[in-house]
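Here come two complexes built around chain A, the first alongside chain B, the second alongside chain C.
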Partner chain A sequence: MDEEDFLEQSHGISQDQRAELWLGALVFVVVGVLLAMLAFVTYQAWPSFAHNGLAWFGPGGSIDQQITRIFTSGDLKQTPVYTFHAWPLIWSTILTTVGAISIAFVSSLFIAVFIVEFAPPWLRRVLEPVVRLLASVPSVIYGLAGVLVLVPFINNHLITQSEKASVTPIISLSGAGLLPAVVVLTVMISPIMIAVFVDGLRAVPRGWLEGSLALGVNRWRTFWKVGVRTVRPVLVAGTVLATARALGEAIMLLMVSGGVGFAPNPLDGPTFFFEPFRTLAATIIAFDDERSSPPMKHTLYAIAAVLLFSAAMLSFIGWAAKRPMRRYGVIA
Partner chain B sequence: MSTAPTPTAGVRPRVRTGSSYRLTDRIGLGLAWFLGLLFCAIAAAIVIYFLIEGIRYLRPSLLVTNPAAAASESQTGGFLDPMLGTFIIAVMSMAIALPVGVALAVWLSEFGRPTALARVAESTIEMMAGEPAVVLALFGLALFELPALGFLSQTTNGVVLGQSFFAAAALLALVGLPMVVASVREGLQAIPSHVREASYALGKSKVATIRRVLLPTARPSVITGTMLGVGRVIGDTAIVLLLLGGTLTFQSANSVPVLGLLRGTGDTLTGYIYYNAPTGDGNQPDKAYAAAFVLMLMVLALNVGVDLVVSRSRKAVRWS
Partner chain C sequence: MRLRSRLRGLVALAAVIPVVALPASAGATTLFGSGSSAEQPILNVLFKAYNKLHHNVRFNYLPDGGNAGVTDVQAGRRLFSVNTRAPLPSDAGTTYFKLWLDGLCIAVNPQNSVSNLTIAQTKDIFTGVFTNWSQPGGSNLSSTIDPFGRNSSAGLYTFFQQAVLGGATQSSNVAQETSDGLVATNVSKDPNAIGYIGLANSGKGSGVKRLSINGIACSQTEIKSETYPLFRYAWGVYPTNHPSTAVEKFFDWVRKSKQAGQIINRGGAVAAFNNK
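Let's look at the complex of A and B:
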């Protein structure tokens, strides 16, 4: 042991430089893997984007028929078909993500304030581990609970026969749809947001709150106007983290969404909440065994590319939002 | 809080009818209590529900038998192979993610030059943490279908399958990596600089300082990061379905004992649950509940482990 120390000492400088070089090279490799992923997915996605142009993102025709046509065109010796209008998938992704995030944001904020400031100490000690446990429960378990509890309940108690009859020629309502998806997604991402918010709120300098209290402002107002306002960057960061999870969630949403390429229509009234759909990420899982057909493969990579760039944009927003936190000395 | 001079401030919030609480404040406070208690109720419902269903359907025989294709539930076996698959995947992916993650964290915290590269690396790792698992899975499939990497999976008629334990573990390492990096980096940065300076003053090189002083001190963070990473890895389903094959039992590539198994396809508990959910091909909710219960226990054990490590490390070291 001593001998080794002595050796390290005598070659001190060169060894440090060597270590820095090796670690730097490793960093390059990891950055390279991500860049390779960006390049590769874009390259594989290109035929699909090139054939459709901006219409790729637009509406038009039945998405599931288009997928069938793309798939079969790869099998037979005919010209590959790429016509793909992904609007139903994009619309479903937006609906579930925005719906779940907006519900989860409001409730997570209040719950985090409750945990940090207003909960009795014994409840706080129970709640904190529970939040972390729920944040790390695998999504497939949430999906299982959704499909075995929530979907049958909605099918039996909330959907009326007349609602089912009103959409029969196009889709069938089985309970799986927008409502259970948003509910399960909200329950899934709330703990993530709560955990981030709680960490941020706890880092608010105590003196600021006490200063406000000393001026005679009540506890709620103090916490709402000083505490929550201080951690606004943390709120953005937590929301971004949760949005990334919601956007990329595939398995759970495939289980509770009904798995039909359909764009739920808000004009349908209450039926809207029961209409089935399929998100972008879920589509990749649903059709991954059809990759043997080249045009289908490029289409799947095109969907992946859209997700990849959305997630990259999100992490950029999160990075930008985290920067002003250093100014407050709040690090989450 | 109790030192605050206002009459309304106390250990417990008391909504007074005095002028200090306006209507909006009271609504806000009421909402916080309502949502907080609702969250407690939902959390308790989820935990108790899976506990009850798990205990109801979990039989010891399920843990020691393999899944089998059969018509009736009594003959479809248990989930021995998926459970072993979860262990194998966790160990293999952490064998990659732990050294790489610690190295990245050390570089980011202790070297970090040139600054531009550090910033790029930082945002790259952050981006990896936010990437959907399905995208990683598709990328991994394309990567391991390359003929050059054929030795890591099976090849039939010259076509590389691209699905194996190696492929799944490599991509799941990318899922666990950001957790390890974030945790270790936080641990290293929590060590005050005078500790490093004391080591340098004794004539130790930077490498020796990192190896003998910093990393041993940051060991709780390394353990925490590993556990958080394992939690993410064993909870993933998309990469398992696409890159491990989701074949329920181990399908060895050839008869070589260990290598053949790792080059072959298999399944994990998450894949098994997905297969046995009503939306999957198996559709045996009882088995899915039992597997979900086992998986929940694993996640719970990891969480308790993290809590123990964190609380012990808080007691252990005090710098001042």
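Let's look at the complex of A and C:
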């Protein structure tokens, strides 16, 4: 301790307290930025919601034609048109996200259990770095792989001529659609889920598992009934993380989804899996050039507001799902 | 005390660095532009070549589409823009300057034997009237047609809409891609595909087969003689009031100089006014 520091302490606040104040100020800055972003997006999005009301979320008319009319009405001499019924986009987002998450959750859980408990050490040493590497691959590379390999494969080998003829000229089944999008999205979010699940499963207290084994329960049952049950909060956290990534995925989906504002219809039978669509985030990217037209700008911000709101709801659901788990002394 | 003096030293260093760095970057002007993404490959080579001749001029180009580029210039956000459609009344406040010629090619997969279409047949395909390859005729395929195109924010779509569709919107079964290159990739991978692609992206290495329209091939000679029906000029756009002299000099170089003409031809477009 130097002479000057000693003198300073007796005058005002200490170094510790200064550090506290700085960090507290940073927290306020972060929260402030978040609130400012929310306020800005909502303010820009308001005209679109005000003109459409709740019908913004409903079906009605061809959304691509509505977008063109909104964009061309941005000329200063015309009255702006805001009519927008985003149901095809919302439905496509729900389909891809729910589809990818459900497949990814089941497979990631099994893979994580295998990596932590049942894999031989040499295999574990190979699998873990590979999974973490896959989690850090940029999503546009997955999109490229989808466009160059998966989409032509589906087009040439899985779609029959009769299926193509049955939907033309409303849409064209050219390989890009629900199936490659869900497959690529699943492959993209699984590594995140696996990494989170593995970390959680590793943190299960060893004593609990050994106690169960000592009572004569076999390895498989022990791990599922004791280990996996303990880490339920981690499963929720991993799912929320992966869902947030899936919701915001835009560029990759734009490449493999066909880019048409169409709501895939499950009642179409097998054709349902090949129908093209466009999600909310992909629409923002596809029509970002048209941001110079004011009604289009407000519509794009409205879509962004919906995405922000879903992300917030996701966090809330994650928090709410973990609350009942606290009773059992689980690390929630 | 040691920590505080070290901190003082760091702050002093941080204040000195921008002062030292400023003279190094002074004198270099960056010209900000935006506009057509179809012309971007050629523009990038032109920017680099011009920078080699004039070391202090650099370019920053945002390919947000021809229509958006004009609005950027009107709003003063950009110094120049490159557009691929002729000036409209809504482009008030800007001056259009012809740079080079380009063609819109209709391309199919090499496995498709069709080699010629009329404009009316192309319009029928992209408005959903023709849905099977046996309908326009000349094709060895009898499968469903898979049309590929661009979405409504692309300048190429506006050109296609005016020149081929006569103002009608393209049918909902046209898959909307975000760039020329993606349309070419999709057409090269799907035997039943047809798409509209710029001249630059439908060349020999792209994997697609260009069709002749009304009997005239989509090639450099036909476009230069303006016999090919789907040709267009790439226009340089700059504000009428107070244009930047650096931008005007660049556009003059692009339009007239021999070196720029070579770059344009090599890039797949057609040099219209350049010295040989």
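The rule is simple: the second predicted complex is superposed on the first by the 295 of 332 C-alpha atoms of A that agree within 3 Å, B and C clash if a C-alpha of one lies under 4 Å from a C-alpha of the other, contacts with A are read in each partner's own complex, and residues count from 1 in each chain.
Going forward, contacts are C-beta pairs under 8 Å (C-beta built on N, C-alpha and C of every residue); 3 or more make two chains touch, one makes a residue touch a chain.
The model shown is predicted, which means the values in this text are computed figures rather than measured ones.
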item: Simultaneous placement of chain C and chain B on chain A, clash or fit; value: clash
item: Partner chain in contact with A:26 - chain B first, chain C second, else both or neither; value: first
item: First (chain B), second (chain C), both or neither touched by A:172; value: second
item: Contacts of A:79 with chain B and chain C, given as first, second, both or neither; value: neither
item: Touching partner for A:276 - first (chain B), second (chain C), both, neither; value: second
item: First, second, both or neither for A:118, with chain B first and chain C second; value: first
item: Partner touching more residues of chain A, whether chain B or chain C; value: B
item: Partner chain in contact with A:291 - chain B first, chain C second, else both or neither; value: both
item: Which superposed partner A:216 touches (first chain B, second chain C, both, neither); value: first
item: Location of chain C clashes with chain B - one stretch out of 9-17, 27-35 or 135-143; value: 27-35
item: Chain A residues contacted in one complex by chain B, in the other by chain C; value: 5, 147-148, 254-255, 259, 285, 288, 291
item: Chain A residues touching chain B - in the complex, by the definition given at the top; value: 5, 8-9, 12-13, 15-16, 19-20, 23-24, 26-28, 30-31, 33-34, 37, 40-41, 44, 107, 110-111, 113-115, 118-120, 123, 127, 129-134, 136-141, 143-145, 147-149, 187, 190, 194, 210, 213-214, 216-221, 224, 240-241, 244, 247-251, 254-255, 259, 281, 284-285, 288, 291, 300-301, 304, 307-308, 311-312, 314-316, 318-319
item: Footprint of chain C on chain A - complex, ascending; value: 2-5, 62, 64-65, 67-68, 71, 75, 147-148, 151-152, 155-156, 161, 164-165, 167-176, 254-255, 258-260, 262, 276, 285-293
item: Contacting residues of chain C [partner chain A, same complex]; value: 1-2, 4, 64-65, 67-68, 71-72, 75, 90, 128-129, 131-132, 143-148, 151-154, 169, 171-178, 182, 185-186, 189-193
item: Chain A contact footprint on chain B (complex, rising order); value: 1, 3-6, 8-9, 12-13, 20-22, 25-26, 28-29, 31-33, 35-36, 38-40, 42-43, 46-47, 49-50, 100, 103-104, 106-108, 111, 113, 117, 120-121, 123-139, 141-143, 174, 177, 203-208, 210, 228, 231-232, 234-238, 241-242, 270, 273-274, 277-279, 285, 288-289, 292, 295-296, 299-300, 302-303, 306-307
